[in-house]
Amino acid sequence: MNPTPTPTLPPPYPLQYEPLLRRALAEDLGRAGDVTTDAIVPPDAVAEARIVARRAGRVAGAPMAAAAFGLLDPRVMVTIEVPDGRDAAAGATIAWVRGPARAILSAERTALNLLGRLCGIATTTRDLVALVAPHGARVACTRKTTPTLRALEKYAVRAGGGANHRFGLDDAVLIKDNHIAVAGGVGPAIERVRRAVGHLVKVEVEVTDFAALDAALALGADAVLLDNMGVDALREAVVRVAGRAITEASGGITPATAAAVAATGVDLLSVGWLTHSAPALDVALDVVG
Amino acid sequence: MNPTPTPTLPPPYPLQYEPLLRRALAEDLGRAGDVTTDAIVPPDAVAEARIVARRAGRVAGAPMAAAAFGLLDPRVMVTIEVPDGRDAAAGATIAWVRGPARAILSAERTALNLLGRLCGIATTTRDLVALVAPHGARVACTRKTTPTLRALEKYAVRAGGGANHRFGLDDAVLIKDNHIAVAGGVGPAIERVRRAVGHLVKVEVEVTDFAALDAALALGADAVLLDNMGVDALREAVVRVAGRAITEASGGITPATAAAVAATGVDLLSVGWLTHSAPALDVALDVVG
Amino acid sequence: MNPTPTPTLPPPYPLQYEPLLRRALAEDLGRAGDVTTDAIVPPDAVAEARIVARRAGRVAGAPMAAAAFGLLDPRVMVTIEVPDGRDAAAGATIAWVRGPARAILSAERTALNLLGRLCGIATTTRDLVALVAPHGARVACTRKTTPTLRALEKYAVRAGGGANHRFGLDDAVLIKDNHIAVAGGVGPAIERVRRAVGHLVKVEVEVTDFAALDAALALGADAVLLDNMGVDALREAVVRVAGRAITEASGGITPATAAAVAATGVDLLSVGWLTHSAPALDVALDVVG
Amino acid sequence: MNPTPTPTLPPPYPLQYEPLLRRALAEDLGRAGDVTTDAIVPPDAVAEARIVARRAGRVAGAPMAAAAFGLLDPRVMVTIEVPDGRDAAAGATIAWVRGPARAILSAERTALNLLGRLCGIATTTRDLVALVAPHGARVACTRKTTPTLRALEKYAVRAGGGANHRFGLDDAVLIKDNHIAVAGGVGPAIERVRRAVGHLVKVEVEVTDFAALDAALALGADAVLLDNMGVDALREAVVRVAGRAITEASGGITPATAAAVAATGVDLLSVGWLTHSAPALDVALDVVG
Amino acid sequence: MNPTPTPTLPPPYPLQYEPLLRRALAEDLGRAGDVTTDAIVPPDAVAEARIVARRAGRVAGAPMAAAAFGLLDPRVMVTIEVPDGRDAAAGATIAWVRGPARAILSAERTALNLLGRLCGIATTTRDLVALVAPHGARVACTRKTTPTLRALEKYAVRAGGGANHRFGLDDAVLIKDNHIAVAGGVGPAIERVRRAVGHLVKVEVEVTDFAALDAALALGADAVLLDNMGVDALREAVVRVAGRAITEASGGITPATAAAVAATGVDLLSVGWLTHSAPALDVALDVVG
Amino acid sequence: MNPTPTPTLPPPYPLQYEPLLRRALAEDLGRAGDVTTDAIVPPDAVAEARIVARRAGRVAGAPMAAAAFGLLDPRVMVTIEVPDGRDAAAGATIAWVRGPARAILSAERTALNLLGRLCGIATTTRDLVALVAPHGARVACTRKTTPTLRALEKYAVRAGGGANHRFGLDDAVLIKDNHIAVAGGVGPAIERVRRAVGHLVKVEVEVTDFAALDAALALGADAVLLDNMGVDALREAVVRVAGRAITEASGGITPATAAAVAATGVDLLSVGWLTHSAPALDVALDVVG
């Protein structure tokens, strides 16, 4: 193998997202297909178009958008100008699309719907990262994602400079209040978990007060989710943890409060609205020839 | 059959959304399942929980959220308190969930992710409808939906009091600028379409000036999409149309401008952000016993 | 884009029919595959074959038949001689098939089964169109199609010169007797529909007498389905409609009666047997080298 | 186990045909569902309907039609009056359908499309069986079936009293002219096959002359397909075979010639049009309450 | 077609095994993909590797292993050195793999898991074949295969020189003790079967004593499964059968007893552990550049 | 929720394994179904059967086997006598199966194939655990599992008392020799990983000498995979680690060497043959009435 020094953001394999794209294209084509284009645009017409960012933002999803065209017609060629993880200025061309006009027009909406959503998440993440990075904190997403789009939305968060929390219920333990109640305390909950899960699974505990925090630390939790604590309490929690666990603040974080939360010294800010409420970036396809 | 007088909002059949729910549950469970709950909560534990609207909003998606629990364990019983299409106050219980605790906790996030998104769309729609209804106009969504969730998101728009535009590329004709350019004018474009599509397919033409509008009307377009016209131009367009076609305004409509656009007399306001950028409604599951 | 003057019949995208072809090939290959060919034909044997119309007919399905070979082995090359929508004489070569002999023999039956069925529908449609076109009427198919083959069978109807009625329950409204009974009359039925469906959905009403016809017209039905009316009644109905709605005759139409029905002045003859009972065209694959 | 004396025609398991039904229902419902029924029929309306044979015929597919309703709403109850394999008189009730009116109306077309097709195949088979049974011959279907419906169509042939030939390329060997040409004769072809296939796989050879027939018999073919032979040649072939192999006539068999072919003493008549060209039986759903 | 003299072991078509490979790759990649490789190996790194047999064995599955790499990245090129059905010495290179390093490392485990299992079955089969072939007997596998891998595992048995018994419940009849009990004897069971199944389906009867054997032979069973008989009884059974049916021994056959069983003159030894308990062959991927 | 003190082994949800079971049942039923049973066993026959362990072993997979019967016919009732994670004596009844005889016989092989495999893995694991547990070490499985059965096979390992290593490429980092070579050392490899993966992902490094071990420890690896080290080296490695990381031995572990490896003080023994080469447990279905 030929080692190279600077890894970039590696996209998922097409095998991972093509089933979603196929379903999305089929959803838009329905049974009768693109009746407007089929009636008007001759099968041998070719076109050149560009995918444009109508507003400035962070790009994510360009390879998936490109794949949407190719799944309708493999002769469509896409050249990406602004790769995932880079910023596009307002009006910038994210990608060129060239080939059979029918396929370009018929796949347009599917490609843009996915691209706009992923760019929206990446842009929202980027903006929040900018607020907290000066304090040495990172931004993390949650499992509050669109059903069946989780892997892509988490990828968009990475494109925005954010970190990924759990991808699902199975890749890390997160002990919440309901679990603690059933187990009869933080201690018994952690003990049950330690007996049950594999040695390569980290354990995080959600705590809302210092007693629970101390219990979690005493039992060797890998991370603590400091939920809905005020800034003062967070600062105190960071002191108590003293590096023994990863500290993660969650609950009520907004662009207005993020810097102050980051300044408490927590390692991460965990934010659900990165994925469940980020507005789409305005992207469009302009036919130029 | 026993006729009854007041049809309510009929939800899709489970056959239509269960495949999505199954994929979403599998996405969250991953390979190893809910390792936290499996380690802590005994298989025979039962729980009672309520799905709560943390903020006020219009409900959409309650039957789908209920189905998510049932797909994990058919013994989970869900009682819907606020049905789709009705408003929930902040703090209101949308539904009660009772049954095996494991399944309730493991399906929680999938159910809430879908419910929060659909309620968000319904609420955003409802609020926009309130602005334009006094002027006799309706609000319509577009095809700018989340890939593979279109039918559910359009259902949420209906739950918010909105109207549905095309569900896909195949259920109506929408002639846009690129089509007109290829055909060599509005007239040839409509003629090609009339020859090609079935007699139960409506034809809408996107126009940006009065010449194109007149051409579309002359050829009997069923609807005209008045794209990015100012309020004055819209008012003039409505006069020119004179009831011969459905008038639909699109482009640059915001909550701030919607009433003025509606006041021009257009039949519909077509708005992409109802589905691509509506923030999720904050919904949660509280275990109460 | 490069506009061209003469659009031909655009086929569906492979993405739309490849899943059906994959299932059909897997159905024929079963678990053990083509045991006869595998035992006898060496993997490196190549063959040249032609797909022949044993009887004269209208071609539909050639691209799908070609795709069947390619899905088994992408090295199989197919050259279509008679494209969809054109007539093949008895004995004519519809397509040449060249490549690995194993794949050609193993995909043969799947390709021919689909091609024969679609050509059969196209041919039956063509023959009926020939009877009614002199009277200015069109032929339309129904939803009486083979389960899961609807889009392809409707495409075959278009290849035969016919028009497509609804593709499903969702792309147009068709109010039938049962709906009218529940609603308590044609009027209330149309009103309920107008409130519920989008503005780009046409409304057709099935009527069997003039009272219902008048009610449907008064409420602005886009089309009327004149069901099981005699020729005299149809003629009278056309006069009453006077161009206010599309008129469509259905029920009991046969090749023997079609011309007389068309002569009544109706716009369309709607015929279920185009798709549910058209005999397959006899097509075969002859290995020539 | 409790042995019982008279096995009837056992239907496939729902697991085998439900995926097809789900695809077919989704095909008809599309994205927006049954917009007519949803607009007019209240969710709590119930109905009683009967599935009627408009013309006399042999029933096949009743359990599958019943399952279609149940897949939309499990509360729909179906009572089968004429089970598969029995004859229905014109006007006879094949089944009663009772339950939620919405689901009954929305599943109607899918259920009838499948039922009409399978009854059509069963009826066509039954009528051919009646012609040849007096001569001691049986009727067999071929692999010329509708893509993805093979198992159901072969089941319909059994319901009509016919026999099933191969279900696919893998459950028996059928050596045809192309195979013989590649192998360099009937003998080498059979030898290659014997080396390759399992001991529970029968070998049939398609022959068109007596030399090939004798070669096939000499090598122990289990069955011979006597293709496109005249009645005299068939009679001579049966004599030559002398019970050493199953004899099967194919090619050019019609209702007019079937009895004469059967009278030659062949064991089976193999007929493609049982499945590829049988007209559908006219079945309908009448709402009665 | 160009006839060639020496057919080799034809592999299944990719259409038949790619769905399994896609599911297997998705299973290993999970949601987040190969996080280790993605973090360390640059997207443009290329590598050359060889798939090595750590121990000597019979190869099966090389095309499927090769396809696994191609499904992640079509630029990966695989050159097979030891094709299926041939022996690999310990340390031998089964195949070379060249292309993008990321895809090679990410697909490695999936490719090897399948290859190791299939080679294990082929090797186990080969070794058993070597024991019984001198006696003129063949080795056959059973339906005791890994769920959803049956066709590939039976292919591996063929690669090992073994024969395939039934591929499923539908391609041959096998009457067992429970069937005989229900029918009330071997005779009635065979009669019921003859009436029900097609003429190209063979009938085998499982017998454990001579009375049942004689009954089966009298009714023309194509094969008899001599279950759990001792060597003396098998020898006697072969004499009684006298070539009228295929004889197959099953039950309690081990490498230690196989030669003695084969020496009784039975045609086949049927062995479940070829597929349900064969240890995997140790295969590995060594990166060499 | 009602807390209970003793959690048992929670099985996956049916939603997670039913797709596999459906594919497996369809694989065995093929197109024509269970032709033997369908011909002989009347549809209304009922049976009672028991699933028996022919040899002693640890049970795993009983709920999945039970579900196989229910998927063919929901009237089949299964009562599990020896639940997953418990030992069955030779001859013991693992479960009772009662209901329609057809479904019981047709699902038998699918149910047993899965059960036998999973019990085989559980039993092999149990026996290895017994050897190493006295030394305080645990047994872990690897990713060397059957394609598409990983989650079930890892569940069987847990039923045998073993621990689970990674479930896939995405739930933990495992840096191997190829990664280290590309990165240019253990240090750079770990650094790249730390930058890229989420904070809830553990990092394990495969090492074969003390230099690499020390580097991994210095950079805070969560676990070290001590590959192919001798017993003396392992003992020394455990001393060097001194509790700073989880220690895992792999390579060349057999039942004969396991105790000695465990005695070195490593935390885990990682063993591929638990899943890729465990012989199936001999399980059978005996009809008893």
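As written, the chain order gives the labels A, B, C, D, E and F, with residue 1 at the start of each chain.
Please note the rule applied: a residue touches a chain if its C-beta (ideal position, glycine included) is under 8 Å from a C-beta of that chain, and two chains touch if they have at least 3 such contacts.
Model, not experiment: these values are computed from the prediction.
Taking the definition of touch as given, a chain qualifies here only if it contacts chain A and chain F alike; those chains are B, C, D, E. A rotation of 120 degrees, rounded to the nearest 5, superposes the Cα atoms of chain D on chain F. As for how the two copies chain A and chain E face one another, under half of their interface residue numbers coincide. Distance from the chain B centre to the chain D centre is 44 Å, each centre being the mean of its Cα atoms.
Mean C-alpha position of chain C lies 51 Å from that of chain F. Listed for chain B are residues 1, 3, 7, 27, 29-33, 38-42, 45, 47, 101, 106, 150-151, 164, 167-168, 170-171, 178, 181-183, 192, 196-197, 201, 287, each touching two or more other chains. If you draw each protein chain as a dot and join the dots that touch, every dot ends up joined to every other dot. Interface residues of chain E facing chain F in the complex, by the touch rule stated above, are 20-21, 23-24, 27-42, 45, 47, 101, 105-106, 109-110, 112-114, 116-117, 120, 143-151, 167-171, 173-176, 178-179, 181-183, 189, 192-193, 195-197, 201, 273, 276-277, 279-280, 287.
Per the touch definition, chain D reaches chain A in the complex via residues 27, 30-31. By the touch criterion stated above, chain D contacts chain F in their complex at residues 1-4, 6-8, 10, 12-13, 15-16, 150-151, 154, 164, 167-168, 171. In the complex of the two chains, the chain E residues touching chain A come out as 22, 25-26, 29-33, 38-47, 71-73, 101-103, 106, 287, 289. For chain D in complex with chain E, the residues that touch the partner chain are 1, 3, 7, 138, 140, 163-167, 170-172, 178, 181-184, 192, 196-202, 204, 222-223, 246, 248, 267-268.
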